[in-house]
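These are the structures, in structure tokens.
Each of the next two complexes has chain A plus one other chain: chain B in the first, chain C in the second.
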Partner chain A sequence: MSLLRGLAIPAALILLWQGLAMWHDLQSDTLAAPREIILALGAALTGSTIWKDTADTFAAGGLGLALGFGLGAATGVLFGILPPLSRLMRVTVELLRPLPSISIVPIALLIFGFGYSLEIAIVAFATYFPVLVLTENAVRQIEPRLWEVARALDLSFAARVIKIVVPAVVPRLFVALRLAAGIALIVAITVEIAANPMGLGARLMQASASLRPADMFATLFWVAYLGWLLNWVMLRLQGLLFPATRGAPR
Partner chain B sequence: MKASRQMFWFLASVGVFVVLLAGWQALADARLLPRAFFPGPDLTWRALQRGLASGDMLQDTFTTLRRLALGWALASVIGVGLGAIVGTSAWARAWVAPMFEALRPLPASAIAPVVMLLLGLTDAMILTLIAFGALWPMLLTTVHGFSSIHPRRLEVAQSLGLSRVELIWKIALPGALPDIMSGLRLGLTVALILVVVGEMITVQGGLGSSILLAARAFNAPGIFAGIAVLGVIGLVTNAFFAWVEKYALRWQRR
Partner chain C sequence: MTKVMGPADGSGLLQIQSACVSFGAVEVLAGVDLELRKGEFVCVIGPSGSGKTTLLRLLAGLLPPTSGSVTFRGKAHTKPSRDVAIVFQDYANALLPWRTAEANVSLALEAAGVPRAQRPARIRELLNKVGLGNSTQKYPTEMSGGMQQRLQIARCLAQEPDVLLMDEPFGALDAMTRQKLQDEVLAIVAESSVTAFFVTHDLEEAIYLGDRIIALEPNPGRVCRVFDVNLPRPRNQLSTREMPEFLRLRRELFDFIQQFEQ
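== the complex of A and B ==
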């Protein structure tokens, strides 16, 4: 019932849009009627190019996420276990963190040229800092008694990380991964829109530049759907793997 | 004692940053870093000085700041206003809020091609892009803030016979302020990213276009100088907002 109510207004808006478009016999380079957009989306999804673009975006975003998350989580664990190290690096981290990730596109462009590496580097940079901060906080909040256990058992540094830290922070690490995955998709598409001629972002820009509004809106809805799907899948996975985190911030 | 220790660690971490900069300089001097990409802090500093002296960089910075401020202000008026209406009305929450939630995961920059098609490569396009993108975090946090008023406060409002406007102004707004503030700050982060994206696409002046043009001219020091200024903008706006938040919410500390 609540789903139906939520759908009512968007559906009404779409019908109104279609009605207006038919009434005025819309012939436009900038707008398209819903019917045309749906037809364009259907045509795109039965073709192969949109799947290639989707795969490109997800490959670059995914690899960047893997890199940024891996490095971020490793640094976060290190900073969490060794507070002096974290304090020493504070100014450096706080100076780099507010830098908008997209602003390093030009320098990455000089280094890597167009292509996967450019996008992977930017996504990795964009996801590194949020993951670092979330992981460090997660390590900090480990139950103090676990540290006492580690001390009592005289665990080595490596054993501490593997046996105490990792099991304790895995659920919160997954939350960090979920948030970072959302950032990765957004950044990947942004890089494609701003500079990199590949993937879904470039597809959007091409449709816009060549005055094909139906194609453009179809791709836009596809991107919105993928963003929603990614979030839904990650939330589902989180609920399945770590039922205790269900109340965690979204 | 505690303050002096904090001071010690702060100075130590400034020291680490300086050492890292010196290391970068040493690597650049020893030609271990490719000069075409990593020009070293000295060249970056010189590019920054030259840019500021000639006035080009200053003008780009002002252009970017003006767009950032206008776009963000536009977004906050619409976002908080709409959020207040939706958040205080049970009807709107049931019928309209799900639409907002569904649109949330859409990357804001994906709107850029649409805005470009409608408005061309203009200043208005950049402003619209920023306003539209920065709107969502503000809208969603405001709706959340307004819809989580404690039921007892609503009862108080009812028994005092407050009108809807009075309810919003006297009860809902103060309660929702922390949420709104965090939305405004999130929106600012989004706005800073979008102003750079918009300027890169349109190349209508501003720091975003200047660093892209520097990249096309293989002028790495120019890029680093631009990135440094953007970093400072991000840092200062964030710090300013943290201060405003603390000041505006000082009554709330328990």
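== the complex of A and C ==
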């Protein structure tokens, strides 16, 4: 019910848009009427290129996310367990972290050239730091008493990580993964728009450059839908895997 | 410095020699001598700020003395050992919330390298011993405070310790549960001949459980007096507490504590 109510305003805006377009007999290189956009989206989805582009974006974004998340979580656990190491690295991290990930495109381009590696590297860079910070925080918030229990039981370093740290931070780690997945999609498409001639971002740019507004908006709506779907799937997974976090801030 | 313990002839299992502990400029313990003999039940009382918990952490090896020494079986005791188990007061924080009762006990067996095949039988036996035989699959959050503390005790027993250190273990429990657990701990200690060290602020509890009571005085914490408890075992919640010796000790301890309460 609330979903339907929520859809009322977007639907009304689209109808208004269509109405205005028909009223003025819209002929434009930048705007298209919703009817044409829907037709263009339908045509694209029955074709093959948009699926190829989607697969490219998700492959590059996904691999970058896997790399960034894996390294970020591992570093975060290490920094959380070894505060001296964290202090030693703090300045370095704080200098690199605020760097807009898109600004390393020129450097990465020289190293990797165009293609998957470029995008994977930049997505990994963009997701690494937020995951690192969230994981380190999660480790820091482990009940101090559990460390004493671990000491009293004389658990080895590996056993502490596997039996105490990881289970304690996994629910928060998943939240980090969800946020990082959102970042990965944004960054992947940004890289494709800015530099990398592949995926949905490049598709957007091509439609824009060849003055096909209906195709451009169709791709835009498709990207928006994918972003929404990604978040929905991650939320569902989170609720399924960690029932205790249900209703936690999104 | 008050030298009140028995002869330091090395017969002590766990020994503290003129230990001082300072946190920055604050002296928490000053020149404490203490000897735990094998199989005895020692209780510690004292007003707040007398360093009861610090003394326990010293014995646990969780805290090194600023000066002086701690020895366990004649060797320097500088880090925790699986042979010295600790029952913390805040049982809820000391258990792994993502593990069932069974798996929480298993942690101690895993730490000790007990082969996987031998664990289930040991776990069952331990949980039965503390009266949790029917709750093996429950998570700590599904248990009452008393059950959680029983679970922590089971995990400590899984270490097969020589010494069981308990830091106000029943302080947060209601009176009925507390009495039941007192009797269970006495039974467990009698059966396993473990050496027990029990911190409490409940004077009657100290008399009821202990062979000896160490009374600490505050600012800085040091051993002030030692009371020998000559009450027959096994003890009984009703008859033991009515014995003239119990009442005499109760009076003495009460007067002792009273002098620090302004």
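The rule is simple: the second predicted complex is superposed on the first by the 248 of 250 C-alpha atoms of A that agree within 3 Å, B and C clash if a C-alpha of one lies under 4 Å from a C-alpha of the other, contacts with A are read in each partner's own complex, and residues count from 1 in each chain.
Convention: contacts are C-beta pairs under 8 Å (C-beta built on N, C-alpha and C of every residue); 3 or more make two chains touch, one makes a residue touch a chain.
These figures come from a predicted structure and were not determined experimentally.
With chain A as the common reference, chain B sits beside chain C without any clash. By the touch criterion defined above, A:R151 reaches chain C but does not reach chain B.
Among chain B and chain C, the chain that touches a larger number of residues in chain A is B. In the superposition on chain A, no contact is made by A:M22 with either chain B or chain C. Within the superposed three-chain model, A:A159 lies in touch with chain C and out of touch with chain B [touch as defined at top].
By the document's definition of touching, of the two partners only chain B reaches A:L96; chain C does not. Of the two partner chains, chain C is the only one touched by A:P167; chain B is not.
Closest CA pair between chain B and chain C after superposition: 10 Å apart. Under the contact criterion defined above, no residue of chain A touches both chain B in one complex and chain C in the other. Put simply, chain A touches chain C in their complex at residues 143, 145-146, 148-149, 151-155, 159, 163-164, 167-168.
Listing the residues of chain C that touch chain A in their complex gives 60, 62, 79-82, 84-86, 88, 90, 93-94, 96, 98-99, 107-108, 110-112, 159.
Of all the residues in chain A, the ones that touch chain B in their complex are 2-3, 5-10, 29-30, 87-92, 94-96, 98-107, 109-111, 182, 185-186, 189-190, 193-195, 201, 204-205, 207-209, 211, 213, 216-217, 220, 223-224, 227-228, 230-231. Contact residues on chain B toward chain A in their complex (touch as defined above): 9-10, 12-14, 16-17, 20, 36-37, 94-99, 102-103, 105-114, 116-118, 189, 192-193, 196-197, 200-201, 207-208, 211-212, 214-215, 218, 220, 223-224, 226-227, 230-231, 234-235, 237-238.
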